[in-house]
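One chain, subunit A, links the two complexes that follow: it is found with subunit B in the first and with subunit C in the second.
Entry: the complex of A and B
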């Protein structure tokens, strides 16, 4: 190895093409500006870039360059004006509306950039400046700071007087606890109560969440009925309110249904209709008291993270969650058979009244949706 | 400081820059290919039969022959269903189910699989109607529906589509995966009639939507919306398969960020040279 070093000569840095520190750190002074011969080793130094320029600029050429830059700026401004004008004038639904807007803005910005580069390259002086960096670490400063600190400690008698020291530390512990205690305010006031119940009340009729019509078993003229293999998203009757518009005489002229998002958030449920023979008779999860002629209702909120479990495979009787691919088997009490969900979907107790309307018997017997800290 | 005349110049394009340029060229080529040869959207013409459910006895007997040849080996000699779960009984599925399966080429099935794929149609339109007639004669079921997209309301159709169909078929009708190798196919290649048949019969994994749940007008509106989905306005210029914000973000990232990175590298290379 030493033989090779001797034969090439110079420092390792020079042979690798790294400019030596002294050369890179030379600050440009008055005598450095102007033609200076540099070795070929400098060619790889990114600091030494720059175009060759006439040291004595030609005023006529400078005028030409100035006009070029001015033209570019003008065009950029024109493109920006076009952008603003097109935004107001053109029809939003035109086929190329977005593209033309984007293109005009891009042209405007691009021309500013080109103009700036042209300006720098032609009209400004090609001068290199090197700013020296401070040393990153100063051992002496550190020592002085340490001495000052220790002098302060000695002066305070913190080490000499143990009573003072101990009471000081004891007073700080509760103070550190104060912000931890404040975290409690970030939680709901009564999380357990709020999550335990939904808005389903005994006797609530099941309403189609899309068509705002009640679910019917017997009479299709009175509401929505399902075929075997069908399913529908339902909400409690109370979730739907009607925003009524009245004329001057107080007659209702328009009535627009609205869904209360607070109710929808926890009460959204799916009513499915299966062939009654498809239920697995050996499963203990399905509550058959609340299965009416193959109709069964489950919460639509995934027990993993609360996504709407709305993909239903009617042949395999699986409900799929689109977020993390949990699968729930409806014929076995909607127990999870695949994916990250660990708990079955809660079953909503339902019944049919003498008129054939589906009604809620009572609220879910367990919290719906994902688990939380007080969920047992 | 000035560079000496005739100084050492490095090649403008390093290996990194040229490989990045190659990747960019590939992406651009792919995008152009999609622009020039867009896939999908070829709707087949609906069978032009004035009353498709008015079957004659001849059609039923002709269908019975075809059924014995092509269908009975799996579905049973009288359509009572096979031993496998994949060959369900055809009693009571109705002409609509048979018509959907046959006009999309799903039936006859080539080989058992997680799901019947769409294939070239195996029977002539007359043969399909004969088979429909035979299946309808096995037991009462959904008739071949009539559908009129032009009378539908596209806004209502969009709402109904997002509430009932988009769960599985994606909001732009491009389809999505289901469990165990099954999938919800794209709805845009299906004809209006096939869409209506699928809604009423619930083929394979799909739930069944009775007329008491989605009315005839609702189906017309959904069909109208699907007609829109076949050629939606793409404000960005290209739909990117209408798969949503993820591929759009990916393209922004690859083309935009990578393009900017390549330009930065190029500027750096120039400065060094």
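Entry: the complex of A and C
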């Protein structure tokens, strides 16, 4: 290696009259390289790096490289100008607005990056340099620092005066607790009771959560009815309100249905209609008092993590949660038959009034959704 | 300036050379107008800050070159891109759960009731100039941020760069990974679309599942029962202030330690445990790394232009009664999704209390994984008894047990990650969903030990091949016949990588420099 250097007149340092320092420091002889690793001898070791650039590029090539870099910078600037102009001029709603805007920015950025690296690779020497590491740990320094620290501790009288020390520590404990106590404001109420109840009230009608109409057993003109094998997502009627827009004379011109997210989040339920013969007679999970002509209602909240159990396979009577694939068998009280859920979907007690409307008898008899510590 | 490359005696070269004191060079350099202005500013600043020695040492700081050292740079630069684009997005995003009726230019959702958070995200996507491109750059950069941290960590792990004295920086890095994942999750949860709202409901349920204090934790985070109206604005403060603030602090500490302890390097001619061989900070390294920043930024911009990401307008606003099938989180949450799917429904009921099965895959498992990763430097020290300093890196094959253990860990992670999309796999390959779940459970149990054994065997074989090349050279393809009729292939010595003698930088102490130069 040093032969190559000699043929071109030595390294730069040597030509400038400082041969001894660098030779001594870095000549790659055995005693300076240290322990030889296996990988040193390995052919084409990708880890050993190595700089293969010609140390003395000729001026004509340098000129060419300079022009390449200058061209890249110019193009980058042009792309940036295009970006700014397009931002102003183009219609925001054009089909390709996002693509053209983004690509002009990308091109401008890319070209700067490529130009910079090309510049380093061709026009800068960027010779390999070597720097000595300094030991991180010095026993003497460590001892002196320790002594200085202990002298400071002695001067502060922290150890010598226990009353001072103890009152200081005693005062810090409540002060550090204060911010923890402040976190109480994050939620003013207690969770346990809220988890045990939903927004279903006795007598609430069941409303279709998409059509915002009540569920009907007898008369399709008065509400939504189900065929055997059908299922529908329902909400208590209290969850649905209408935001009405009126004109100057007080006539309603627009009415947008609104679902209360807080009610929906714990009360969302599925009403399914099965052939009454499909229920497994041996299962004791289904409360048949609240099955009306094959209609049965289960909480839609997966007992795994609270996703809505949205997929119903009629043939197998299985409800599938699309989040983590828990499966619940509706003919056996919606007990989990596969996947990570541990508990059955709670059944909502329902009845039909004399007009044929489905109504809630009472709230679920157990918490809906996923488990938690206080749950029995 | 470029002409000087062919003229080693030119003034601007001298300051970089150990032999020449820098002072006369500065005087010469300032004969040009730009040089005079620069020198004047430098003098003005130096008179006030006294930073010249520090600046000189910084400019001369040596950074070893290797492609794998750029992985951490990608992480750093994607974080810078996230700060830039994220700041732009804060000008338009409204972190509010107040319900409004949408009247913007995206027709399918006009007249729909939605939160202001979702409506303002639609507004950024359709009615703010450059809003969509900034949003998409932000999201792509977030994916890249976490991905580059992971790959960077693999580099550090497999080459042993975490060993003494760098254990603390490894732990900071693990902290950065956890925060980056949380930050990403917080970010894509903000728009309050159907996908992210479902994710938040899952997050609420996981928090709720924690033994003893879970329901209170969830209650405090959300200000009450799910969804409440407090969480989006709280999450926003966490996403744009709290976590980025901690990230900036930890990244600064990470970089400061890197500079203080100096970079590791691969072994090679002239490279020892007591030196660093590579490019100086100025101009070589800074030009390369500066250029690389623009390339990373350009890559994010190109991805954001060409590949749609998180099209929240297709998902619709969050409604607890709805969910889209095949919904997938961002890639870095996938392993938790997978572990949640694979865990059987084993619930523990004790003394009137419940430990839901989700605690194991979603609370305990990530805790154990992060503790294992964070504590690995000490685990290895305990097992090998090696408490020495290590500045030279290992080739992965030379540490077969560590490499195999790391590969086994990755196999475990990938098994979970794949299971996070098992419904998608089931529908693509037309196999039963239940079969993919069972396959995932089998993979989680069996793939780590098998990967461990196979990787270890590969490492040992590669070692043997390295040894063979070192001792016998490379095969040439020429067959020779000996006088007694034996055939043998001729081996040639392995070609050595071409290497220039490194030039030492200025010593740290100026007096040492002057003594050494002999002037």
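In this section, the second predicted complex is superposed on the first by the 223 of 376 C-alpha atoms of A that agree within 3 Å, B and C clash if a C-alpha of one lies under 4 Å from a C-alpha of the other, contacts with A are read in each partner's own complex, and residues count from 1 in each chain.
The criterion applied here is as follows: a contact is a pair of C-beta atoms (placed from the backbone, for glycine too) under 8 Å apart; a residue touches a chain by one contact, two chains touch by 3 or more.
Here the structure is a predicted model, which means the values were calculated and not measured.
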Subunit B versus subunit C as contact partner of A:212, first or second or both or neither: neither
Partner chain(s) touched by A:290 [first = subunit B, second = subunit C, both, neither]: neither
Which of subunit B and subunit C A:99 touches, first, second, both or neither: both
Which superposed partner A:232 touches (first subunit B, second subunit C, both, neither): first
Which superposed partner A:310 touches (first subunit B, second subunit C, both, neither): both
Partner chain(s) touched by A:224 [first = subunit B, second = subunit C, both, neither]: first
Touched partner set for A:73, first subunit B, second subunit C, both or neither: neither
Partner chain in contact with A:318 - subunit B first, subunit C second, else both or neither: first
First (subunit B), second (subunit C), both or neither touched by A:107: second
More subunit A residues in contact - subunit B or subunit C: C
Footprint overlap on subunit A, comparing subunit B with subunit C: 28, 32-33, 37-38, 40, 43-44, 48-52, 93, 98-99, 126-128, 209, 233, 308, 310-311, 320, 322, 325, 338
Residue ranges of subunit A touching subunit B (in the complex, touch as defined): 28, 32-33, 35-38, 40, 43-44, 46, 48-53, 93, 95, 97-99, 126-128, 208-210, 216, 220, 224-233, 308, 310-316, 318, 320, 322, 325, 327, 338
Contacting residues of subunit B [partner subunit A, same complex]: 1-5, 7-10, 159-160, 163-164, 167-168, 176, 178-180, 182, 184, 202, 204-210, 212-213, 233, 235-237, 268, 271-272
